[in-house]
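Worksheet: one structure, shown below.
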Amino acid sequence: MDPITKLIEEFAHFPGVGPRQARRFAYYLLTRNADTLKEFTEALAKAKKTVGACISCYRLFSSGNTKTTHCMLCADTHRDTSLLMVVAHDVDVESVEKSSGYRGYYFVLGGTVPILETKPEERIRLKKLSSRVKEATGKGLKEIILALDLNPEGEHTGNFLTHSLAPLVKEHGIKISLLGRGLSTGTELQYSDPDTIKNALSNRAPAK
Amino acid sequence: MDPITKLIEEFAHFPGVGPRQARRFAYYLLTRNADTLKEFTEALAKAKKTVGACISCYRLFSSGNTKTTHCMLCADTHRDTSLLMVVAHDVDVESVEKSSGYRGYYFVLGGTVPILETKPEERIRLKKLSSRVKEATGKGLKEIILALDLNPEGEHTGNFLTHSLAPLVKEHGIKISLLGRGLSTGTELQYSDPDTIKNALSNRAPAK
Amino acid sequence: MDPITKLIEEFAHFPGVGPRQARRFAYYLLTRNADTLKEFTEALAKAKKTVGACISCYRLFSSGNTKTTHCMLCADTHRDTSLLMVVAHDVDVESVEKSSGYRGYYFVLGGTVPILETKPEERIRLKKLSSRVKEATGKGLKEIILALDLNPEGEHTGNFLTHSLAPLVKEHGIKISLLGRGLSTGTELQYSDPDTIKNALSNRAPAK
Amino acid sequence: MDPITKLIEEFAHFPGVGPRQARRFAYYLLTRNADTLKEFTEALAKAKKTVGACISCYRLFSSGNTKTTHCMLCADTHRDTSLLMVVAHDVDVESVEKSSGYRGYYFVLGGTVPILETKPEERIRLKKLSSRVKEATGKGLKEIILALDLNPEGEHTGNFLTHSLAPLVKEHGIKISLLGRGLSTGTELQYSDPDTIKNALSNRAPAK
């Protein structure tokens, strides 16, 4: 295959990239001067070389030139050891951190469980989660927060985890909780779906 | 002014209608045959003639040929008299009814209070709401649910109402509550704004 | 049927209006004060009463309180009698007038011919067009411009007209022409479809 | 800077890529297995190594392992030597080729001239174009087609080229032409801008 076409194909595999954008990316890179291109390839090589999964939460992080095995968040001993939040993807951690509403630890599943999946344990890091939970019980873990997308696959994954972790949480007296449901910021009542309104009603709270 | 231009202008006042759509509406009506046009004008005349505000919740309803003064929902004696939901607009009532999650009564404010408004009582039916609340206390009212859009103007209106109704609710031992906040149906965590995540975290609930 | 629902249904027949917008329109009108509503219904009544088809070009126009039978454009004796432009709809006339590039007369077909239509003459004003052409030949008509949308139905209508008018134009030595094809304003070459580029190439013109 | 952040920044420089998509790209690459990542970096390296500008039309092409200096199109001796089409970007060549409406040669300017640019000759390959034109005159060049976007910058570039090439084309009796303007495929008359309609009118052609 022609090398330009091959490069375009590589970009076409990127998430959310169509053939036209893939072509633009390829031409963009090929028309950079040598230095710019080198900077890109070096950034990629360096990232790949220094990046690894945190052995506690399993999200990607860069250890730089050190031999650190824990990401910055898991290495932070000032966080709340009673809370462990389970999320599907690395980016979810960043979204939660941006909200400044959480001070506990995280665990990244690495995916979700499709509804008809017969081998759910191959889709997510279930065993590693169990180990992480056991380890955390020794440090005062009281609540596991399942922070999953509010769509069918997210809900299915939540149910699967609740079921799978049931013996463990029972043994150690840990709570499993779900993110609250209701109106999200910017919601207009007249355009809300029935489920959201129902959730907003049953989760209503005293006005301050 | 040319009568066609005048009609186009009328349609241009409709909510969300630009000049191009207004023109299409005018030509659409003018090119109907006589019967279709008559049907439209009669529907409009009949609606206007039989439609009025419910004297209890103030939403529009059609009394048909009767002298009914209450809309179907306010006339329904099987609903829960302990609950009164305050909404901004007529359409909000329909959205909440569709959710099948509510069995109490309604009150339509007829608007919201803009943040810098100096005469908020002219924007919404505040006096009528006070009267309605007083009347409802005689029938067991226990909770007023402020069901407003989750945007700055909706929140401001909620604060204004909470403040304005404070003496009344104190006197009669009524609670004021707000719709629950958190993830709405379909929400993906990574695209959620910080406020929504914060709300979803503080409103988290035990997994079942 | 409930009069409000009936009115909403009427609006739902308007071009490009969905159920939600239809509802907004109905509530918008019903919540106007009496004067505003009267203004709307009067504008509609007056437009309907004074509007009729021009007996020359067949587009809608308002004769006001006069007994005029010709629209302003057809009544204008300073336009170029050698040119007759055939368009599908009333609004097309306005678009062409806005371009200030045309000084001849118009004829409005009142529609286009779908590709599989077996009775094309029932879809458009073919007989009236023939009469109009005959009449115009007495006043120096030299060219009929078919100004139709550049899509399959527009092209099909153009072919049908070219064929149908063939004897007439032959007899009177009239040309039939089509709008030029090529790049429209704002076109970027890389996003252009092959047909447009082909047309732009075969219609290329000397740079000035 | 953290290597992941650095890689995200690199992607954020890609055309049309925002910070969120840049992050997704970085995580996408970093979570691939070693083979996939290697395939990407090798495709990039190989493309960069074998890709160069054609010494005739200046578009990028891959010479593979050969020492070819001409791209496939310029190396094709069966094309029409009387035509030279000037385009702004590499991708424009592909669009024109897809239209199957052109059999001459190309020249890629490598950009366009912004309207207020004081040094236009630094934005595009003007000198190289002059040389190319001179060379082509020896092989029967009769027409230079300026195939530029139909927007202000494209038109400005066309004017600049027409002016700059004037002495040369005069000397050798070459025509400069522009792509035809008018309705592009799919255009509906009622939504067309005045300029497009004006162009379509002045470029109208006999119906067949």
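Things worth noting here:
In this document, chain identifiers A, B, C and D correspond to the written order of the chains, with residue numbering beginning at 1 in each.
FYI, a residue touches a chain if its C-beta (ideal position, glycine included) is under 8 Å from a C-beta of that chain, and two chains touch if they have at least 3 such contacts.
Keep in mind that this is a model prediction, so the values were computed, not measured.
Superposition of chain A on chain D using C-alpha atoms only gives a rotation of 180 degrees, nearest 5. Separating the centre of chain C from that of chain D, both taken as means of CA atoms, is a distance of 38 Å. Chain B and chain D, compared by their mean Cα positions, are separated by 55 Å.
Residue positions of chain D touching 2 or more other chains: 91.
Pairs of chains meeting the touch criterion are A-B, A-D, B-C, C-D. Touching chain B in their complex are the following residues of chain C: 2-4, 6-7, 9-10, 14-16, 21, 23-31, 37, 39-41, 43-51, 60-62, 64, 90-91. Taken together, the chain D residues at the contact with chain C in this complex read 87-89, 91-92, 94-96, 98-102, 145-151, 158, 162, 175-208.
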